[in-house]
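Attaching a single structure in structure tokens format; questions to follow.
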Amino acid sequence: MKKLINHPEDVVRESLEGFSLAYADLVKVHFDPTFVYRADAPVSGKVALISGGGSGHEPMHTGYVGRGMLSAACPGAIFTSPTPDQMLEAARTVDGGQGVLFIVKNYSGDVMNFSMAADLARSEGLRALNILIDDDVAVKNSLYTQGRRGVGATVLAEKICGAAAERGYDLPRLADLCRRVNLNARSMGVALTSCTVPAVGHPTFDLAEDQIELGIGIHGEPGQRRAQLKPADEIAEFLTLSIIEDGPYQRTVSEWNEEKEEWQDLALESPPLKYGDSVLAFVNSMGGTPAIELPILYRKLAQVCEKKGLRIARTLMGPYITSLEMAGCSITLLKLDEELASLWDDPVKTPGLRWGI
Amino acid sequence: MKKLINHPEDVVRESLEGFSLAYADLVKVHFDPTFVYRADAPVSGKVALISGGGSGHEPMHTGYVGRGMLSAACPGAIFTSPTPDQMLEAARTVDGGQGVLFIVKNYSGDVMNFSMAADLARSEGLRALNILIDDDVAVKNSLYTQGRRGVGATVLAEKICGAAAERGYDLPRLADLCRRVNLNARSMGVALTSCTVPAVGHPTFDLAEDQIELGIGIHGEPGQRRAQLKPADEIAEFLTLSIIEDGPYQRTVSEWNEEKEEWQDLALESPPLKYGDSVLAFVNSMGGTPAIELPILYRKLAQVCEKKGLRIARTLMGPYITSLEMAGCSITLLKLDEELASLWDDPVKTPGLRWGI
Amino acid sequence: MINNRTIVAWLKLAARSMEENKGYLTDLDAAIGDADHGINMERGFKKALTLISPVEDRDIDAILKTTGMALIGSVGGAAGPLYGTFFLDAAKALSHLNELSNTDLVLLFESGLKGIQRVGKAKPGDKTMIDTLQPALEALRSAFAYGTDLIEALRWMVQAAKEGMESTIPMVAKKGRASYLGERSAGHQDPGATSTYLLIQCLLDAVESQS
Amino acid sequence: MINNRTIVAWLKLAARSMEENKGYLTDLDAAIGDADHGINMERGFKKALTLISPVEDRDIDAILKTTGMALIGSVGGAAGPLYGTFFLDAAKALSHLNELSNTDLVLLFESGLKGIQRVGKAKPGDKTMIDTLQPALEALRSAFAYGTDLIEALRWMVQAAKEGMESTIPMVAKKGRASYLGERSAGHQDPGATSTYLLIQCLLDAVESQS
């Protein structure tokens, strides 16, 4: 294992220490329990936005803390959901009196830990809602699985909801928006190499020189299937078509009902993309894929979108949700409407995403 | 070789095609000869800033084209200096009547090609000056070598001079500023793995699991020496001290003298950093090093700076000048004064660097 | 008879077992998950040991509750809330007991299992820790019904846990991270089912070492 | 006697040689440079071939000039301006000749070498293409002084070029990318010195094939 680290068990802590020094004007870091929060928190009168998850996906989530995006992020160990005490203390710290929205990627660990945190927060009198992100079309259905994973759409939801919170959306409206972003987003990814979890010391999986993993998540887990390495055009086309041709996706999620004061099952459906839609196209590096390769994928993605009648109205390209040093990429398409596009354009000032200010 | 590409010989062209689609609002791409330029070029009344070099260092240079930074960038083949016809056509396209400053990394190929380009531009009646960037302290002296390489300082010079051009600095003043940035900047890098040039198909060098290359450039060339892999703290400390303890550095460079209308040798000296200086600290990933590791290096860098009486006034951290998928990092320290700091803070809007707008 | 010292001994053995099997559990997780289960479990039980040391002499439910809180607060991932809930719910069911009868022991596992199912919503056959826990609990119950003594009952339990753990090998996962793999998850032993087996083995060891 | 057809044949053989030796030159460059010399040279001479085809029947200087422009406009790196200048300066020295006398041939290489030194500022012993070119030129001169015929003179030249190329192995580079390596550059043959040797070998082949 070749990494620029000291001891494997110190990676997350030391990285956060350096992060807080480098971005002291934007964020603060709290340890034990560990969370990163806006330097100007709490912002009164604004709903607080909190996300989190295992570390190893940087800049997500810690890099998205700041004006116009997250109020706080709770980093877990590498690829391991953080714990409820982190989320609870983060909520106490950044709540500005308007409640907290937890943006949760749909992994059993994250879902359980964030649910516990929301229960604890509510038991202390804080308003708290959880919205799940589950956009990975590589997971075929929710009947026989944990449901689709949360991947690229997470970044988009954090940006768009962060802007809306800044504009003054109240908690239920923000939760609706976040759900809407998720229902209109779909992603799929591919790995060319495995990543190496520092505490493990060797790659999570072995891939021959001519093999790739199609339909991977962001934790070095194996994907939908192993396949031959092909030219970038064929890979980009496959990923894009998998997203565009994905049918309506139904699942039941558990959300807190504020009126009934109980968790409640909600049947949700993601409508498929259709001819004439405007989309945000997000080409993401899994970490080890260099910047010169991403536009090659984008080029094909744009051709496929054109052929399928999708208008790319916004673009994001770069390593925004990663799996340590894994080589590979993911593509996310988010159907845009005017509100989403305008919220996307709003100013954002975080270590990982910045424009307009 | 595992890459998300089609044919090795098409990498640069297809990447630029995708790049121009993704960032059509910011840049345009011209082919044969190949260069990337600001969508709003020429900006009249403003000195045009042009840089370029081999491809494979993305986002440098093409990603730095836009308001507040470069007017145009000329990408060569992977790791190969571009040719004079590219630079000349770029100069013709973006000259806004105030002349062109070429920012040139000190590699024999780049120096010769850009010198030819400047001669050609002047023969057409354009004003053109070249400033060399040579900040790599791993190259020990200029008596027995081509002189120090241009590395991390290039990004800083492009940003700072881009802001100054936007503010209306004229050509000689901009050249002075660029020279000053270069004389006050020092860098050093380390590689944990080699990169693979697509047309070559295998790694440029082999490194055992426990070995690193210290003092590398940005083209996969071997470094100053091979060493044992050590903890990140020791590597960061070594790089930082190599920069801080580097003595005055003298070299003779060739610059165009506008009055005498001839190339002229100029003796230049970089003063060493000293106790009490304010610096911009730039921690750069060589491409394959994931985002979680950089703050670990920054943490140690900050400790060393503190001990040596250097105040870190500005920070840049991320993959800004890369060597394809090479794992490794470089550190750059730029001594700041008020003018440099304020130019650094000015708004910039490019695909690779953006703030304030 | 199981008393609070037995429980503490159990948790100490569990912590050691998680440390020893860290690589094993993590490798199992690498095959169908994200290569962290052993690391998570080691971290959690290490934390539990430091937190229970001040309450070692208190009632069993206090020790179990502290363990549950420690796991929830340090394991993370899926295993944290699940094992944490196991211990919290077991603690709730056994309030202020200093010794556990056979029935109490069954209740401990029964309440813990119910907690895991409430939080994780998995069923037997989904290729999770439940596939170890459920048959282990059945075996414990029938051992006592058959009239075996505690140690013999725990041996039955360990045997059933082992079979349960191994039964996950051919299963196609329906819960947790492994479920994303679909058919590809078959042929691999579930890491959570394995750590549950280890925990039950440690309970037997603790009781044996105290008798 | 060398005429414009000989020069065209030379350039065609050169293009083929660069293609054949692309991997070899690039591997040499990987050891002390950036692994692109073979790729650059292949691209450049391929481009030169397409550009000279319309001027194949013109004077030698037109062919050489077109070659120089093609190399400058397509090779890039250090080799582009250097080889480009070699051909451009040779063209300037030989204006409007359709055939080259022995003196003209010496002049071609002399002017080319001077051009390379003007642009690149390297001296013999700096571990560059000059360490091939300079002794090769000397050998050509003395062969003619000794009274050999053209083919024999070119054989002397090729032999000297080979020795010059090999003389770069122990050298410590003082110019170009290899100079960054300091002492570590010793023990490796310089890629540019090698491509220069190949070019001279091709000239011999071209003359031989036409006689």
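Order as written gives the chain letters A, B, C and D; numbering starts at 1 within each chain.
Everything below uses one rule, namely that contacts are C-beta pairs under 8 Å (C-beta built on N, C-alpha and C of every residue); 3 or more make two chains touch, one makes a residue touch a chain.
It should be emphasised that the depicted structure is a prediction, and the values quoted were computed from it without experimental measurement.
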{"item": "For chain A and chain D, chains touching each", "value": "B"}
{"item": "Farthest chain relative to chain D (centres taken as mean CA coordinates)", "value": "C"}
{"item": "Distance from chain C to chain A - Cα centre to Cα centre, in angstrom", "value": "31"}
{"item": "Whole-Å separation of chain centres (CA-atom averages), chain C against chain D", "value": "75"}
{"item": "Length of the line joining the C-alpha centres of chain B and chain C, rounded to whole Å", "value": "56"}
{"item": "Junction residues of chain A, two or more chains touched", "value": "none"}
{"item": "Contact graph of the chains (line, ring, star, complete, other)", "value": "line"}
{"item": "Chain pairs that touch, as defined at the top of this document", "value": "A-B, A-C, B-D"}
{"item": "Touching residues (chain side chain D, partner chain B) in the complex", "value": "26, 30-36, 39-40, 43, 72-82, 119-120, 172-177, 179-182, 184"}
{"item": "Residues of chain A defined as touching chain C within the complex", "value": "33, 54, 76-85, 107-109, 112-113, 116, 138-140, 144-146, 149, 197, 199-200, 204-205, 217, 219-222, 224-225"}
{"item": "Touch list for chain A against partner chain B, complex", "value": "1-7, 11-12, 14-19, 21-23, 55-56, 58-59, 63, 192-193, 209, 212, 229, 231-233, 235-236, 283, 287-300, 302, 315, 317, 319, 322, 324-325, 327-329, 349, 354-357"}
